[in-house]
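After this come two complexes, each holding subunit A, first together with subunit B and then together with subunit C.
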Partner chain A sequence: MDTVTVTLVNKPELIIEAYNITPDAFAGKSLEEIGNLECHEGNHKTALKEFFTITGKAGATAESTKIIVKGDCTRVKRIGQKMSAGEIVIEGNADMYTGGWMLGGKLHVTGNVDAFCGIQMEGGEFIIDGNADNHLGSSYRGDWRGMRGGLIRVGGNAGSDVGTFMIGGTIIIEGNAGIHIATHAEGGTIIVKGNAMSRVGGQMVKGDVYIFGTIDVMMPGFRYIGDVEKEVDGKSATFAHYIGDLGERHPTRKGEVIYGNLYQKI
Partner chain B sequence: MAEYLIKNGHVFDPILGIKGEVHNIAIRDGKFVEPSALTSSAKTIDASGKTVMAGGVDIHSHVVGPKVNVGRLFRPEDKLFKSPLRQPKNARMEMGFSVPSTFKTGYDYSRMGYCFVNEAAMPPLHSPHVHEEIRDTPLIDNTAMPVLGNNWFMLEYLKNGEIENNAAYTAWLLHATKGFAIKVVNPGGTEAWGWGLNCVTINDPVPHFNITPAEIIKGLIETNEYLRLPHSIHLHGNNIGNPGNYTDTIDTLKLAEGYSPNCDFGRDQVIHNTHLQFHSYGGDSWLNFESKAKEIMEYVNRQKNLTFDLGVVTLDETTTMTADGPFEHHLQSLNHLKWANVDVELETAAGIVPYVYGKDVKVCNIQWAIGLELALFCNDPMRSHITTDHPNAGPFIRYPRIIKWLMSKASRDELLHSFKWSEKVIGATNIESIDREMSLYEIAMMTRAGTAKALGLSHMYGSFTEGLAGNVAIYDLDPENMPSDPEMIEKAFGRAAYTLKDGVIVVKDGDIVGDTPKSTIWVNVKVPENKQVARDVSEKFLRYYSVNKDNYSLFEEHLHNPKVIEVDITA
Partner chain C sequence: MAKVIKDVGCPYCGACCDDVEVTVSDDGKKILEVANVCAIGAEIFKHASREDRVKLPRMRQPDGTYKDVSYTEAIDFTAKMLVKAKKPLIFGFGSTNCEAMSSAAKVAEKAGAVLDNCASICHGSSFLAMFDNGYPSCTLGETKNRADVVVYWGSNPAHAHPRHMSRYAMFPRGFFTGKGVMGRKVITVDPRFTDTARVSDIHLQVKQGHDYELFNAFRMVVRGFEADIPDVVAGIKKEQILEVAEIMKNARFGTIFYGMGLCHSDGRNHNVDEAISLTRDLNETTKWTIMAMRGHYNITGPGAVWSWQFGFPYCLDLTKKNMAHMNPGETSSIDLAMRDEIDAFINIGTDAGAHFPIEAVKHIKKHPMVTIDPNICMASEISDLHIPVGIVGVEVAGIVYRMDNVPIQYRKVIDPPEGVISDEELFERIYQRMCELEA
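Moving on, here comes the complex of A and B:
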């Protein structure tokens, strides 16, 4: 695997939309061609070389390309957007939409990310060592097709609206999460190792949510049906099993009604 | 103002009977003139080897108004990755796909060679919004049709058989809203929706008002012809979009029997049935859903006082929006997506639901076939008009694709056989057995000449007749050497080589290059003074409306660049 190192040296005045920092866009290109790839600073169209120094060598395909992003990218959006293969390591923080619409490959952020990261993800692995802000693995505003596949793992805490309209895939949060988890979900798994606040599983149709800590306020649309032993992310524990959201429509399979499942560790 | 001579193009003009012969077209002062009337300063556009038609005229499209705007607001995802970044040549940013921004709407129509669009539904109470959006939609002239099929005044007058009173009220409403024609949506059914009910057949009585859709439609035809309006009533009938509704459609169309047009604008029809595709369904459930396009067209071909537009399903993700409130609720319960619903006081309602016409969904494929079958079974393309009921069956930017399907059996067959359930689709439709391929002359009928005639606007648009607006579309298609690849047809109609609007070049090689003022056309009918109606209007405003009568009518400042069509029935 060949590695390209992208280092932010000229701090932008406005936020940069770096939608071309992906193995797909870099693959098969010379360093000069990579530097000329388009990006936006505000509404102004510019090129990556205006902000970044680029060293190393890109692979022939996205699969064989690894990108290391250095420098303070707290105000660089959309790194890894729509990436389908290969690997990106962001050494530090990244701004909104990091790993949005991701199709495959591996994306690793060693710091924190802002909101809307990993939204409508379809595949691949997205690791955040720090915290993630709101709308992690959620759907785009207005869209009813949320995260479909892949894995998001957050080392710290997540903001609110995790996994809105989730259809598939897994989100694991080692810390706490804000309000609105798995709203409108029709599939997928969300695991919160810490505490959740309120409105967990509102309008949930299908899918699984695991909360290891406390839930501040339980949704009234969930009903307790018993305790179950489950192995979750390599750990076995006993959970109180709730089904819901009973206020929502639910499909039937082989004569049995399918509900969303909410498991809280006892 | 620049003068133009468009030389050596293959001209298609069904009004003048020009079928692709080489002709020169001359424009002076924004109007078509004889080439001999040009001065020596005239500029020449070389159209040799190209197709030249009058500017396109769309008879039915939801492009402006509150309903469209709610669609824009509640579908941010419709803009995602589908909004081209600002092109240096364009004046304004463009956004959206199925519910594009006003600027994108104007530019996209212009790129397709269209110069006129009839807004399909204007809630009378919200006419200021409609006209303000018309002002912001560049490069296309507009008319807007106030929705009347569920209006309380109308329901009461027609219940009592008072055609003259209903006509006086309609004339007042056209003036108050600067409207163009009478739009009827689910007659009676939308009002019944206020009671949680619907009118599924033309004989279901409307609750409280105790009148049937059949009585409403007949009464409105009589009102329309009494007022001698340019356009006929523009009808979206009852029971839209349900399996087996074709019998209700034929019952509805039969109501036109015995009526003939009464106006000075050259139309032949008394009912324009819009988006007929949604009304031509057989079967009694979605499982045995099938095409009844043949049965519908057997009737329509015989009845000369009917016109229709297609409403072709283009197999895209789109946004449905209609004044047919109960239908949108029904649709939402089928696809479980987001739903917006509005009630407009004494007048109408509206609903909006996103819809994905899937390429691998049998029902959607059958709908696609029905839309095309209607056109292919029709023996008079002057009465059959290309639409997608934008954005209900698909966005209007798919017209070039529909033209491709109509002109090329190979392209239809290729798509038909690529469907996952193609055998079942073929079994439920007639499309595979139809060999007809429409000509450019017939396409000109379906997109400009026929639509202008049915709208009663053939004195302004749709032909190269001397004195008409200098609207021209030049397409990069050589009729003597048509491309073997049908995709080239779609490409040519999607990006006009030139579009001229009122004698100004606004599109060149598919890009927006110019701007010119656009107009709003409305109809002012002079009727005999009617004190009863004046009193009824005042009383209803006092008792029921949330606005004062004096604040209801459109203020001058909302009306953009008006061109009024005067009709005097007192003479």
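Moving on, here comes the complex of A and C:
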């Protein structure tokens, strides 16, 4: 695997939308061609070389390209957006839409990410060592097809609206999460190792949510049906099993109504 | 003899009363009397005749004072600011006509700007819920003529839309509602005992920020899961939830009017989303509708105009020039300002100085700022340039959209002060100047 190192040297006045920092865009290109790839600062269409120094060598295909992003990218949006293969390592923080609409490959952020990261993700592995802000693995506004596949793992805490309209894939949060987890979900799995606030599984149709800590306010629409032993993310524990949201519509399969599952560790 | 102009539209709130009677002086320059308006609407009409109106644009001088300049100079300053900026923000439009919104959109598109309206800090979350879940709404006329149950949820029309209850929802006698208030049940859901709650039949004092759970409980009753509801939900006892749900299910026609209580408490769009879901569920058994209590008289306008022009109602990021992008949280005015993502600001037909968080205003103030408003307001006093315009609905005619998306032609009752132009003309001239500068 060939590696390209992209280092932010000129800070933008506003923010950079670097939607071309993906293995897909870099693959098969020379360093000069990569430097000329388009990015936006507000309404100014410019090139990556205006902000970044680019070293190393890109692979022939996305699968064989690894990108290391250095420098403070707190104000660089859309890194790894729509990437389908290969690998990106962001050494530090990244801004909004990191890994948005991601299709495959591996994306690793060693710092924190802002809102809307991993939205509508379809595949691949997205690892955030720090915290993630709101709308992690959520759907774009008005879209009823949220995250479909892949894995998002957050080392710290996550904000509100985790996995809204989720229909597949897994989100694991090692810390706490804000309000609205798996709202409108029709599939997928969300695991919160810390505490959740309120509205866990509101308007949920299908899918599984595991909460290891406390839930501040339980949705009235969930019914306790018993305790179960489960292995979650490599650990076994006993969970109180609730089904719901009873206020929401639910499909039937072989004459049986399918509900969303909420498991809270006892 | 003074002239009485009838059926005038009121440029105050989203209820858009169009039965106002204005008495103007012989020369057609002064408003003498206003009838059929609330106290706030009356003040807007009377304000037009004040002697101390700003009649020329005012430019900030190096010593901090304002100096009168010509419209040509003001337009040149604004056009140059927009041409130079990488990400200008044009925000406001609650209190102007649709013609001005359309011209401003032309300017924004040319400038590669972000175009946003007051919904961004108001009913924007309703739009997000509508995108996710639809909007089973009706017109205010249908509510007046058909509704026998009305719910005010997180809204207080007694203060915010003073004639809403008397014109449309609570008191009027309609085609199928001949008994007026005697034939209607009014339910108010609010954490406070508001003046609207005082005149309602039932007040549910929901725990602040827990409307989502209460909607969920109502939906469970409608779907036949009342046995699973806890004894108390969001501070409301189960018996009361069952009682109100029964009234809602047995209504012939009902409307939920909701306001900032849902849009600006925790969850925001999700609260509205769940309210829409409840409305949909109730339509399994009877006819229910839902309506946002839009604030300003034409804040529904930009949603209609820009949805038609660009496909999105608010928070339009036109910086890519060949496509519109919208994602509140990123392209919304407050978020852009707080994250310091904009480098020029136009405040039109609103008062960002009064309504934005102070931190957002501080960031905006690092860059050039222009206020377009008939009056002196907090935004005009911190701007680099204040451009006065005619008051829509009083001095300028035009189309406005009522809260139920019904367009109404507003009239002009008096002339603007000499030399003062309309918002529409101003934006057209800014557009022309930008074309000249870029030529």
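By our rule, the second predicted complex is superposed on the first by the 266 of 266 C-alpha atoms of A that agree within 3 Å, B and C clash if a C-alpha of one lies under 4 Å from a C-alpha of the other, contacts with A are read in each partner's own complex, and residues count from 1 in each chain.
Throughout what follows, a residue touches a chain if its C-beta (ideal position, glycine included) is under 8 Å from a C-beta of that chain, and two chains touch if they have at least 3 such contacts.
Just so you know, these numbers come straight off a predicted model, no measurement behind them.
Annotation: superposed three-chain arrangement on subunit A; subunit B versus subunit C shows a clash.
In the superposed model, C is the one of subunit B and subunit C that contacts more residues of subunit A. Judged by the touch definition given at the top, the superposed model places A:Gln203 against subunit C, while subunit B stays out of reach.
Contacts of A:Met219 after superposition: subunit C is touched, whereas subunit B is not reached. By the touch criterion defined above, A:Arg141 reaches both subunit B and subunit C. For the superposition on chain A, the stretches of subunit B under consideration are 25-33, 79-87 or 439-447; the one running into subunit C is 79-87. Common to the subunit B and subunit C contact sets on subunit A are residues 140-142, 144. Across the complex, subunit B meets subunit A through its residues 74-78, 80, 85, 336-338, 354.
For subunit A in complex with subunit B, the touching residues are 45, 140-144, 249. Across the complex, subunit C meets subunit A through its residues 85-87, 111-113, 128, 131-132, 210, 212-213, 215-220, 222-223, 225, 228-230, 233, 266-267, 270, 273-274, 277, 281, 319-321, 326-330, 339-343.
Here subunit A touches subunit C in the complex through residues 13-15, 40-44, 96, 115-116, 134-135, 140-142, 144, 165, 179-180, 183-184, 198-199, 202-203, 217, 219-221, 223, 245-248, going by the rule given at the top.
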